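In what comes next, subunit A is part of two complexes: it sits with subunit B in the first one and with subunit C in the second one.
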Partner chain A sequence: MRMKNGLSYFSIMFFSLLAHLSLLLIVFVRGRYDSITDPMILSVMVLSMDIGYFIFLRFMKQNTYAFDILLVTVLGISLIFQSCFGKVGFSIKHFIFCIVALAMVQLGFKIAQDFRLVEKYKKIFYGIIGALVLSILLLTGSRSMWISIGSFTIQPSEFIKPFFVLVFATSINSLRHQNTVLGIKVVYDNWILIGLTALIVLLQWWCRDLGSLPTFVSVAGCGLLMRICYPKAKLSKKLIIGICVGGALIAAAAWKLAPGYVQSRLHADIWADQYGSGWQQCQALIASAEGGWFGKGPGLGRLYKVPAADTDIIFSTISEEWGLIAALLAVLLILLLVVTCIINTPRSYFHTTLSVGASAALITQMALNIFGSCNLIPFTGVTLPFISNGGSSMIACGLIAGFMKAGQAMVYYVPQPKRNPQRGGMPR
Partner chain B sequence: MDAFSEVMTGLVKELSAFSDIIAAVGIIFVDFCAIFILLFCRKEKSVVQEQWEKAARHVMLVDEEGEFRFMPDSQEILMGRHISADLRFTDMSVSRYHAILTLEDGIWTIIDLGSTSGTFVNGSRIKDQQKLRLNDSVQIGKKTLYLRRASSQ
Partner chain C sequence: MKSLKRGSNLITLMISLFIVGLCILLTKMILEAPFYVSHSSEADLGFVYDRNGEILFDGNAKPGDYPDGHFKDVGNLIGDTSGQMTNTLVSKNMEKLSNYSFLGGITKDGQAAIYTTLDHAANEQVYTSFGGKDGCAIAYNYSTGEILVCVSRPNVDPISGYEDVENLPDGSLLCKAFSKTVPGSTQKVATLLAADQAMGYDTLMSKSYDCQGVYRNNTDIDIICHQSYGHGTQSVPEAFANSCNPFFAQLVEDPDWSIGDIEKYYEKMWIAVNDNDEKEFTVDGIISDTASTKIDDKNEFDTQWGCIGQGYTMVSPCMMMMWESAIANGTGMATMPYLIDHVTNVSGRTVQTASAKTSEQLFSESSAQDIRDIMLQNGNNYSLGYTVGIKSGTAQVKEGREENALLTGFVDDEDFPIAFAVLVENGTSYESSYVAQTLLSAIDK
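Then we have the complex of A and B:
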């Protein structure tokens, strides 16, 4: 299938379909289902999503498409995983979330492909963050991160993440002009962003939900580092030492001054209380071990009965039913999204900063989810990007992926040559 | 439909004897897919480069003797003595962060970053952002460079 950039993508589309077909064959052969029509419906829907998106891409004018094909491969695998927990079926809810995520990728791409557009509407993006913060304060009830509308629950803090990534890449040009306040050179935009980070940290502290805090801190850290380095690696040894010492002091202070409920998480021994607060993690570890290399088989696990099996401890649920290799492979595919940004490096500082922030958000969230499931770090209860169930997470991750795509497939304004008679017909 | 279901059920029963092999093969196919997509990204890189050259008007910086050539490969090119500069000079007359070349809508511009010795375009010291045209000379410290069309060299 030849795309608008002149390349034929038939081979990688074929391999993407083959990857899904091979996983679906595993579902047919090793899965637990009542009727053969259950995996057949799942197969039809997964392949429809693939082919439908490939046809959609055919009409899109972009420089790169490999990122999209990798993403639809990840989402197809995610749909297969989510439809098999407990028993093979078809998770229509997750299918809709996957379609929404793909739509959000395109939206994120359209927003971020032109840095001047982002610059023009940056106040709107700050406004959206402000509105989301206010919605958490006013609509979530007593110190919570969730808004309940009937049977639906929305997590506004998830929606803050993509806009938070975006604002850290704005006003790059303003970094050239430093203002002097009380003899100290300052850039106003940097201080606004530091203030915004502090506001979000305080909000999370107030809501007693520090799960997403490392994600925000990593985005802010990477974003500020990129901004300090502007135009290129303007980072002295003194500054590096200062940042390291400052970061270590803040981390030590946060560790010591953390409230009781955080301290109990930080120093928890899950095996000492395996039928109480450590139950979820203990079950996750036991199930992962039971799964072995190739898993018990789709739908044959028992971890799906544990709360948050399809969100916060999904890595263990996949490990149990599909095996450790398949779970690691899913994680590797998400990491490859970041690798594509390294192969096709962005050609502007705005897109580089955006890609670094987006990669930091995805990698931190993945690390928190996987290491939390494996009890290597305290359990934080964050989702695994693109794999976990949940609309808020899918929308946020879709937008973030759209920003990464914009870095690879940014729009160049190709000038039309004008003939100048005074310069001997040479194009100006 | 029922006949098809029966065929599928029979096939699945036949294949269930090889369930571990199928699991391993499935994972290998996913691996292959990932590797092929990554390899394809390298192919895309050449397309992106071509698009970039059109937008950047396929220019390069050369010195008078033609011994030195530099193709700008991003929207902002830092010129200076610092190790991180895209276009690095070892001459002490050049500041560490001397000037930035910027591409906007196919037009290359240059801005001085407060350098000690200044930046000169066609012999005149620049104060603000200055547009560059083909064959313009840019003097950074003691070094003079010319903006030329890459294809003509």
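Then we have the complex of A and C:
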């Protein structure tokens, strides 16, 4: 079906297919595989996912072309990368995660498309966050973020992220109504959100797993910034100074009060302890360097043997096998997903706040993963959105991406003119 | 709409910051990649050569590939990739040896190499000249800064591996030329330089003190001379040649200069006084100690003993050698020593070339020339085969149970501008002179 703007999902599908075919060609030519059927199966599955999703979108008529083409391209690339680490094959596990992520994008899209729906079920979202927090306290092991069910592990804190992003965009209208408490003007909803942020920070502190803390803090920071300046267009100088001073004080306090294991990471010299705590990062940097611009070839790396090669240090695993150029291009594609939010600007404050929160979550997570594994900042051990292996991360990122997509194809409500009861008809 | 635009601006800011981070990462990766690869198990490291093309390091060498003990004279200076020695030329410059480029990756049999200023044959001779004694010897060209000899005993031959590493003799895994030691009477050079700057040459030369074998200082503690019947009344050059402790104790007590003067001029010479931070410098990445001491009262034994080169005073042989260079060239500025002459990359292109550099002003030009004359006068008492400025020293160590022999000096010849420092542990002045003589003749070949 051809849309009015001349684009159709079938026509743009070829851009995605072209990108994947190029990578698959590299797999065939440079990859390490036992049998030609290995890359063939991979090719069939990647192209099937492309075509399948575009057929699905064709019937959904969502008109978010740029976002969709980028999303499917990123997920296809992710599937190719994950299937080739160590040896070319087909990672059915990651294939399922990709499908789940696509489903989550649709779920996130449906949840956030209509802001009235979000307002209506706001308490449920808070309830989900509360339930997830409780599950961490009650179901995980002692002071841990992981729930283990046999060989299967779930990270509930990952699922908190999308709902955390969502609740920061709720109750926008309440921001117009300030209440005076002890002579200070306050908005109750903002204080609830600050309390929620504090709860999550304390939870992570207690679990001694501060890896995702910067992601939550950046979402909360951006969300609050959007909220405190609504509906005014400008921030007052006083407010900007206040925010900067407050932020600096919090950062200084966190730096000072950080527990020992965090302090040791903040001041770590990985090369001085390259066979101890710096092992992963040193190996990641060595592998990236060995890969150079163009990589050793799919399946020809050795970093895949290092723990978390397909999650926390995946940027280096990709750099080693595919080259730094390919790794950077993959990251830039994810970044372009965020860029679509400023190209197709949301038309409501709810969706704008939602897009800002979602962008903050994805960008912070990318920065933590890439810069952390390459020793530019302390290593926190978080996943690279859509690329890293792991169901929890894929589900969370899928929902967050769905929120971004929703901002680009939201439901409009045209205000209905009120009837004039005296004249019994429409006003003239 | 303006409030909606704010959202876009915020996202743009985040994207911009992230892209800046990526650019920094990219730059870091490209610049540091050779260093990362040098730590790789797949790394192919190039050779280290001496000034005549002899191999001093071969990362792929196995026992039997080279004659026995081939690397032993400079083993703990050049080092290897085992991680057993961390302050060596190889461990500090591995990225320069990487046969690697970001574009081409790891290249087997590339041409990355370090060409040193060392003379392997001379080092072997000097190493042998120690006989069974431990210690170190370092010598360099004080016009250019090229280190020609740098041996330290005991040593290891890295090619033989580190079997029984636990039982290696103390000091085997470090080059003593860069570690502080008790300087003994060689410290009198520094004390004389400080006095010359504080009092002026004429005043200093007018000083004469009596030595009757023992001197009771202002706090009633005895300073004993190595010559029990004493040296009698001496001038500065005579006392310098006699290495007379009572004379120097009285010089320290002299009212024509203050404890502040000593501290000031010592600090200027990179001697860290009274727990002040030590000056740090490196020789192509190899960290070298400088010097330190404790002095607080001119009349106290500890201060006088420190200025004589005992007590808390410690100086690295490399630092002694640098003082000699600053005296020999008459400028008061030391020529900075270096080991790497040039470096070639994987494709054989020269990517680094050494050049002569000098330190900051360690002491005044006039003092350098004054002390130079005194040292040359003292050098006449030695028959090393060259016109030399010399100061010997005997340092009591292990609570006086052993004495180390030291010799530091320079050759006064424009065509053979060599400064050196020799330490023979538990040795005699004869042994230190023999090592110095061997060193000079070996370099001169």
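Going forward, the second predicted complex is superposed on the first by the 400 of 428 C-alpha atoms of A that agree within 3 Å, B and C clash if a C-alpha of one lies under 4 Å from a C-alpha of the other, contacts with A are read in each partner's own complex, and residues count from 1 in each chain.
The criterion applied here is as follows: a contact is a pair of C-beta atoms (placed from the backbone, for glycine too) under 8 Å apart; a residue touches a chain by one contact, two chains touch by 3 or more.
Remember, it's a predicted structure, so these values are computed and weren't measured experimentally.
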Touching partner for A:Val339 - first (subunit B), second (subunit C), both, neither: both
Partner, of subunit C and subunit B, that touches more residues belonging to subunit A: B
Touching partner for A:Ala19 - first (subunit B), second (subunit C), both, neither: first
Partner chain in contact with A:Val331 - subunit B first, subunit C second, else both or neither: second
Partner chain in contact with A:Thr37 - subunit B first, subunit C second, else both or neither: first
Touching partner for A:Arg347 - first (subunit B), second (subunit C), both, neither: both
Partner chain(s) touched by A:Ile286 [first = subunit B, second = subunit C, both, neither]: second
Touched partner set for A:Val201, first subunit B, second subunit C, both or neither: neither
Contacts of A:Val356 with subunit B and subunit C, given as first, second, both or neither: second
Touching both subunit B and subunit C, residues of subunit A: 231-234, 339, 347-349
Subunit B residues touching subunit A - in the complex, by the definition given at the top: 5, 8-9, 12, 15-16, 18-20, 22-34, 36-38, 40-45, 47-48, 51-52, 54-57, 73-76, 78, 82-86, 97, 100, 104-107, 111, 113, 133-134
For the subunit A and subunit B complex, residues of the former touching the latter: 5-7, 9, 11-12, 15-16, 18-19, 21-23, 25-26, 28-30, 35-37, 40, 63-66, 69-70, 73, 77, 176, 231-234, 294-295, 297, 323, 325-326, 329, 332-333, 336, 339-340, 343-344, 347-349, 408-409, 412-415, 426-428
Residues on subunit A engaged by subunit C in the complex (per definition of touch): 222, 225-226, 229-234, 271, 274, 282, 285-286, 288-293, 296, 324, 328, 331, 335, 338-339, 341-342, 345-349, 352-353, 355-356, 359-360, 363, 366-367, 370-371, 374, 376
Subunit C residues within the subunit A interface of the complex: 2-8, 10-12, 14-15, 18-19, 21-22, 24-26, 28-29, 32-34, 36-37, 39-40, 42, 100-106
